[in-house]
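Order of writing sets the labels: A, B, C and D. Residues in every chain begin at 1.
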Amino acid sequence: MSADYGIDELMVAALAREMPNDTRAFNGAASFMPVCAFLLARETHAPDLVWVASSIAVDPTPPRIPESTLSDALWDGASMLHSSAFDFWWYAQNGRLNTFCFRGAQIDPYGNVNNTVIGPYATPKVRLPGGGGMADLSCQVPRVYLWSTTHTPRVFVETLDFRSGMGWGDGPGHRERLGLQGGPRLVVTNLCVMDFPEETRRMRLRSVHPGVTVEQVQEATGFEVTVDGDVPVTAEPTPDEVEIIRRIDPTDMRKRELAGG
Amino acid sequence: MSADYGIDELMVAALAREMPNDTRAFNGAASFMPVCAFLLARETHAPDLVWVASSIAVDPTPPRIPESTLSDALWDGASMLHSSAFDFWWYAQNGRLNTFCFRGAQIDPYGNVNNTVIGPYATPKVRLPGGGGMADLSCQVPRVYLWSTTHTPRVFVETLDFRSGMGWGDGPGHRERLGLQGGPRLVVTNLCVMDFPEETRRMRLRSVHPGVTVEQVQEATGFEVTVDGDVPVTAEPTPDEVEIIRRIDPTDMRKRELAGG
Amino acid sequence: MSKLIAMDEAAARVADGSTVAVGGLLMNGAPMEFCRALARRGARDLTVVAIVAGPSVDWLVAAGCVRRAIVGLVSMEGFGLAPHFRRAAERGEIEVEEWSEHTIICGLQAAAARLPFMPTKAGLGTDMPGLHPDRTEVVEHEAGAYLACGPIRPDVAAVHVHEADVHGNCRVLPKLVWMDSELVKAADAVIATTERVVPERTFRAAPERTTYPGFAVDAVVEAPLGAYPTSLFPWHGYDGAFITEYLAACRDPEAFGGFWRDRVLAPEDGPAMVDANGGAATLLRIREAGTQS
Amino acid sequence: MSKLIAMDEAAARVADGSTVAVGGLLMNGAPMEFCRALARRGARDLTVVAIVAGPSVDWLVAAGCVRRAIVGLVSMEGFGLAPHFRRAAERGEIEVEEWSEHTIICGLQAAAARLPFMPTKAGLGTDMPGLHPDRTEVVEHEAGAYLACGPIRPDVAAVHVHEADVHGNCRVLPKLVWMDSELVKAADAVIATTERVVPERTFRAAPERTTYPGFAVDAVVEAPLGAYPTSLFPWHGYDGAFITEYLAACRDPEAFGGFWRDRVLAPEDGPAMVDANGGAATLLRIREAGTQS
């Protein structure tokens, strides 16, 4: 990997490029990479992108990303402040907002996510924070993007210990049967980018990051990753993109997410 | 009837006296007599009475009652303005607000009310305004007071052409079966005051206004009014009460409701 | 990418046969100029959704735009019944699908949340649910009865606001929206008519006062005095004198044609409408009626 | 008829074995002094309802007050897991009834509206509804599946606000309540702890800025710095340095007793709590962290 950028910047750029101009996104807690990606996309190819900071402040222009993605320091210059999450939920349900990004302690091949427990629910080995809004947003927001800075077999597992958030469920047709719109579009990790082809809704390798091999991805994944023909290399972030990211986030909050790896 | 007060003042005073100190009331459109009654009660025996003007403005101190009970001229000095009826409904449902007053084109012996049509629904003789919030509030607010300035057999009917608002329904137990709290407490008309005894939930004469006989009430009513023993005379409004009413409503908006008679 | 459009274009976005929701409550805060534009364009076969309406629905009915009305109540408040609404209903020229305030809100919320229904205790025991058994159902749940209100999903909703920018951000003063916010949530397309178009920085300077975010609004129409003759608190009250004259004209079919043409339909915008109905003296009168500020 | 009471009396109003809801979200806006008062009074067997919680629930668990937690999420956000919550859950010392943000809100709303349930699409297809089959049910309706969320009705809810008067009127600045308004609607009794008690005229001077009406609030407690160490935007941020020390102390059972006693439990009010944790320098640090105003 070139010295001109870090894996954090590569991930942010990869995520940002997948956000079309009609993205209307919002973020929750501990979401530095998505927030960087929304801001990068807005400054580059997606000028009309809507971003509701902390699910509260519409389209702010913060001078920098503060130490919490729920902080009011993120809300500078907003055109609207919501009063409560309840006001806000309607827009998540009626499609006026369409994009959210998740992480999780475990992710399965269908993009279902666990952030509740490791081990049995009643007697957990690790009691995790809980799903929070995962069960809600994963069912109601049409465009979900997953990210993970810890692409390992412990995170990417064939079977979750608990399904906190709904991805493609048990496979093709499951969301449709429940009347849930959309579903996970993409997974951006520290090793690669993956998507969910319609036929199987299981993760498929879309690109490997520079210097990473298909075999390395497979070894780091606790299930078989679909590989369709030649796998391209993820485009590196351009110098412009790197500059923008570093300006948006001058104190490197996005790198905190790497520490957990 | 003495020359010292009008029937409007008698009705307002009769209504006000029935409002205990824990009354937490709100009003809708064209509700001059209830608004006068809330304000009178607040100035006399019920200092802690809560009144949400127009279902929007909490505890205002209007200099006078304007020509609409939905007017913002009623909201002077409020401690809170609500943003929408939707915010407001929760308080009607959770019992924090407990009192509402209705009129209606037809009222039946159980205190059910019609404000929708005279004649068949599909081919009405008269298409009335519609129930508006009647169906909602009559089900959800525990203390409902009915008033009518036109006590005639056309208004007080045995069978409604349409039930827009729920009183005691088909009789004892009906509200309970549907899980509806409370029910109509009282009817104040231009002739008398009536209530709904538990055993039958049909209107019973509680008092006749000065100069009115039990026979006159019965003749003016399209169903048999229950009479239990001697019927007292409705207390006249005191000079103090009359003075307060005239100060609250110096332009006699409350008398407009009499014109329709 | 400005969302600013002309009133005629806004009216053109309501297709014949579609479902249009109009805001306001009785004599207050209704998008009256938008209703006049629909009347001028000769819209037909509309299903109109109006929670508690007055002149708005009466004019749409007068203009022959309405096939069906989903309403809680339509009247001229203290002034009397809504004459065209009443007559058309009595003659069977329109279908009146009566709900109630809260149940219409439930239906709108079911639509917004993409749910089969929203439950409420409202309406239990009344005749109202029986008017639309295909859309509302009384359910005897073991934990208590409820009324299941099926979705009411307008194709277009029109609301009138005090201030908006070209991005669709809207502000209502001081904050009272009557029940318009429910229409904004539920409709597929939202048109905001506004007293004045302001710069985006107006919103960014006081974001806690923004009422609807730009992403919830599809089109903005500059429409000063666009609520006349209904009120727009705290800027003006309703015009009771006009309503009285309107109701008198409605009682005289010969006179009504001229009144309708000259004093309702013809004026091309809000100021022209006020000019056709008394001009500056009218403005002064209604400003006095809106006393709170 | 003042509703002003002392913090100890507020804590006494939460009976052992009852259900208490606490406001705030993660590291923000929680009624922390109220939680400390519950801990001091030694409340037992509480069911705590907290939509998205942090130190609030962790401290109630640390103090042994909690039997059951109805929560969407409990963590210290970027600082790590909530150590006492985690440990008690792993040891089976508390029951964790996990819902999710929106489904808890639905449950609270079902309680407020006295309905058997509120429906939502949230949670469909996940394992969450299976955790409380007595309270949530996946229903396959012909018009689409939904999750029926049964009532969650707290006996008491505690929220922290910026300003309140003796009648219970409350104002949150500028208007963000996180999700506290849902607790206020659903609970049988509502306790507002407030940074400062202001005269009633403060509310009457700007009624559009009142957040909760007096009739919705049963008791008011003056509690300056009552959200510390969580944030109270726009007045101050959370105290990250304190949280870091807290988490370090939690890793050392020997050290923890003293930390808990001296720096959490003993300080009798918000100012004393801040004094026990750095005093004026801490105030300056957290005020800088709350930058928006």
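Please note the rule applied: a residue touches a chain if its C-beta (ideal position, glycine included) is under 8 Å from a C-beta of that chain, and two chains touch if they have at least 3 such contacts.
What you are looking at is a predicted structure, and each value in this text was computed from that prediction instead of being measured.
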item: Any chain in contact with subunit A as well as subunit B; value: C, D
item: Pair sharing more residue contacts (C-beta pairs) when B-D is set against A-D; value: A-D
item: Chain centre separation in whole Å, for subunit C relative to subunit A (CA means); value: 41
item: Distance between the centres, which are taken as Cα means, of subunit C and subunit B, whole angstrom; value: 28
item: Contacts with 2+ other chains: residues of subunit B; value: 75, 81, 93, 179
item: Residues of subunit D whose C-beta touches two or more other chains; value: 113-114, 120-121, 144, 174-175, 208
item: Set of all touching chain pairs, with the criterion as stated earlier; value: A-C, A-D, B-C, B-D, C-D
item: Subunit D residues within the subunit A interface of the complex; value: 25-28, 52, 71-75, 77-78, 81-82, 85-86, 89-90, 92, 96, 98, 100-103, 105, 120-128, 131, 144-145, 174-182, 231, 233-234, 237-238, 240, 289-292
item: Partner subunit C, residues of subunit B touching it in the complex; value: 29-30, 56, 66-68, 70-73, 75-76, 81-86, 89, 93, 115-116, 121-136, 138-140, 162-166, 169, 174-175, 177-180, 256
item: Subunit D contact footprint on subunit C (complex, rising order); value: 113-121, 141-144, 146, 150, 174-175, 208
item: Contact footprint of subunit A on subunit C as seen in their complex; value: 1, 109, 111-114, 167, 169, 185-186, 200, 203-204, 207-208, 210, 213-216
item: Parts of subunit B lying in touch with subunit D, wherever the complex brings them together; value: 24, 48, 50, 52, 57-59, 75, 77-81, 90-91, 93-94, 96-97, 179, 181
